[in-house]
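Heads up, the next two complexes both have chain A, just with different partners, chain B and then chain C.
Take a look at the complex of A and B:
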């Protein structure tokens, strides 16, 4: 017989899960507060004339956001730059998605000689620091007449990221049983049609994750822009922000914060939208 | 509909020979079951018929046409997989309609009519808007069958379709499958490792082991006249009892099977001409648990001792010990046995089997 006295629990035992959660959340909040506060400061500063004691905003103003409707000396038109950035992000995402969705399928489904070594090589390629390749890339771009062109940067960024994306999407393909593909073949579809109509929809979470990451990769690209783009006709927001930051003798913090907020805003929106799929990453995972 | 002919079909994976020179003709409208333990090549054979695998050597003919290099989609087949392989991102309706969408000149309405007709046949009409993940195993099974039937295939292929269902549902679905196949009359190739499923469903059973086709025949043929020890032991539950190191002995015009000088059973005179080989060789005596009875005393039979009783309600499986072996015998539930009791095992002479101990081939 179990008696009531036998299972009487102490306060800590009864509330152990609550206490655990409370502790975890407290630690997380403390750890993330510098970043959160920094963004909050950035946002408030962009709409105020100054900060009292460094962190209390004073005077609401939209003057900091004037770069959106007037020409700032030394900087190109922000709308044009933003469009360039969207084109860069979108194209990088498009190219990477196109290549990795097919390459990942091939690596997952076909066995060929040296497959394991190829997979390792792909990972290794990804591990090389981009900066070490700059001189070689410069030569290649010059020969192919892709210097000072957005297309050059798009292809560069994409080729740097394709290995990673291929690994990720291969993991998703690995999780699909062969029988599903066979069923498609028996149901009357060619291999390519099965891939398009059955497999692609099944790896959609992976594609969304890659799409978002690659858009951001293009969106935040700086090294290639600043090295291989010479005319401000092809600037993107990273170069624009950098120039605004470093190009003035007197730092205009209001303008700077407003530009920064403008630069991170689309990213934030994208993350909120894709949040659901990001967490699914672990389901596909990376399996060798 | 379809006749399928396999000619010396061989499939190798690297160095492993999965299917070894299998020749088999499957008749139009026949329900044939490929039976064997896991890794025996039965599923590989099925997938080669489906066109998923290409044969390494040999040939597959369907209606007399060589199919070796024809992709699955042109073979007019429908297939049900062990894990059902439904498309998880599509609804049940979309799953069943998916094969239909490859047909030319089929209107949206025709697809709808056909899907609903199939859903009605498989009794899944209420599930059409659901996703496969919202269905039970049995319901997924029905969807998979409906999808396989969608294009009115000439051949139906089943790969262990019932293994993922619980025991009770398996028996129910088994009956439904048999009934479905009989009404449709579609040539059906069905893979299973479950011998009772094979006995219940098949027109003919093809028994596989180690990539080799062991025997093909009606359930009765493979059950009552197994060609070798493997087939004899694989079919039937509990499986056949084997007694090694037995010999033939002739006395006064009669032929007996003996072991260590003890006469075990007499071969009936009318069966003597069936004896393929009557030289004095080391033999294995085989008898099924239901083909013998336990008596308290007698001239002829295997002297044995009661070892263990398994009471199953409808029958008792009596385990007896004889010559260092444990034999299983099915007995009437009202019979009374004492443990350690000395008894005689009387084998039904018309139902006994003899195998050459070296080749393991049946000689009677």
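Take a look at the complex of A and C:
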């Protein structure tokens, strides 16, 4: 018979799962600390006159935000630039939604020659790094007169994301039972009408995810703007922030952080209110 | 043609009509650029945009270019350091740790690590410029001074470190998400059996978890190597290859050749390597989708 005292457990053994958890959390907190500290600094710094020991904010001020009502040397009007950024984000979302919802429907609901190959091509393009084609894309935008125009960047950014969006929305279409479509057909709808009136409302969750993600994709676009846009009439916030970074790096953190906080506002909103979806949708869209 | 056959042929061409915008954009921004890059690389096209064919001259110039050996060295250091430490190493560590605690908190940490990925790249660049700010105001130097150590000027003494960290904190999240999903898909019975045998966390990781996700590990390693090779956005923002080309890599040098020096022909020749890498990445990707592993990450 085993008596109680025969199998005394040591402190470490009794608390092994607690100690394990404590260790895991500590490591995760240490590893993630640069992210947390950097974003915390970004927000705090934008509202303060300076930082004690580099990190503790002193003196609340809105002077850093003066770019919203004053002219900053070397930078165009921020409201105009913000409007351009909204147009870019909104148009990219619009184009991607239109093209991918049509293509996804065709790929999910029809059988035609070359379908399998087309699907593979779409997947392959999703993984293909566009930045390697910049030289030739510059040439193509030039001969189509799309250089120095937001339309060029909109079409380009949208094209980069359409393979991903088509693949995602096709998955949503695939999940809808065929019977629902037949019911529509029996009611006398054509295939297009069935698509518009029956299927599209049913894939709405997918459309919302793609729409939000594509808005952010256009909103954040940098390389295409800085390479293919020459006049500050068509600047977006990425070029605005980049130019500010060039002029004031290491010099005026107040201004730079305030501009940055303004720029990442939509990302912040998404992070706070919809972070559950954020992880799900971010992966497919951007390449590591 | 009567009405019925007309409708039938319309229905037959309907999928192609629906696919038309997709195909047009793919032709314009993927297929044509790939095709054009090849003849372009045999010209000395500059700002005049004249097609002046010069044969193999651009390719002969690559090994003669005095900066190329340094570029190649930097590219290897950048790709493999970032890959080993972050895109693979940190990704494995984060996925193992976040799947060892409650789903709620594991998910929280994973979301946190997605933040760099969805942050506009210019703002993200600013964060790293601050972290490695050579003055006393940067995060690294604040921490060092708290520990009583002298300030570091990473920006001038070891700029590649800055680049590796900035890219790594973005790059780790892709592997992290894919590995975490794969780990969560491992049947819980395996772990129970191991627990009955009384083995510890490290043994479980080494004998069960890692062997079972080995295809994912392999895929991410290969895919991330290729994608790091073609990425230059954060380097462009943070150091633009400097100081004096010490952080310049093949992809960035290609970009600068074309868009800072306006040598489009030579730039196209340099970018052919990247196009090759891109095609391999694409093939690898579809191959992997075929063995179904990343499909769960893709399908939301």
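Remarks
The definition used in the following text is that the second predicted complex is superposed on the first by the 232 of 288 C-alpha atoms of A that agree within 3 Å, B and C clash if a C-alpha of one lies under 4 Å from a C-alpha of the other, contacts with A are read in each partner's own complex, and residues count from 1 in each chain.
As a convention for this text, contacts are C-beta pairs under 8 Å (C-beta built on N, C-alpha and C of every residue); 3 or more make two chains touch, one makes a residue touch a chain.
Since the model is a prediction, treat every value here as computed from it, not as a measurement.
When the two complexes are overlaid on their common chain A, residue A:264 makes contact with chain C while staying clear of chain B.
In the overlay built on the shared chain, the residue A:22 is in contact with neither chain B nor chain C. Residue contacts after overlaying the shared chain place A:177 against chain B, while chain C stays out of touching range. Shared-chain residue A:40: touches no atom of chain B or chain C.
Legend: residue contacts after superposition of the two complexes on their common chain; A:187 is shown touching chain B, with no touch to chain C. Which of chain B and chain C touches more residues of chain A is settled by the count: it is C. Chain B makes touch with chain A in their complex at residues 47, 50-52, 71-73, 75, 77-79, 81-83, 85-89, 98-99, 102-103, 147, 150-151.
Chain contact summary for the complex, chain A toward chain B: residues 177, 179-180, 182-190, 197-198, 201-202, 204. Within the complex formed with chain A, the residues of chain C that make contact are 11-12, 14-16, 18-19, 21-22, 25-26, 28-30, 32-34, 36-37, 40, 49, 87, 90, 93-94, 97-98, 100-101, 105, 107, 109-123, 125-131, 133-139, 141-142, 169-171, 173-175, 177-178, 201, 223-224, 226-228, 230-233, 236-237, 251, 254-255, 258-259, 264, 267-268, 271, 274-275, 277-279, 281-286, 289, 297-300.
Chain A makes touch with chain C in their complex at residues 20-21, 24-25, 27-28, 31-32, 34-39, 41-42, 51, 53-55, 98-100, 102-103, 105-107, 110, 112, 118, 120-140, 142, 144, 155-156, 158-160, 162-163, 166-168, 171, 191-192, 206, 209, 216, 219-220, 222-223, 227, 237-238, 241-242, 245, 249-250, 253, 256-257, 260, 263-264, 267, 270-271, 275, 278-284, 286-288.
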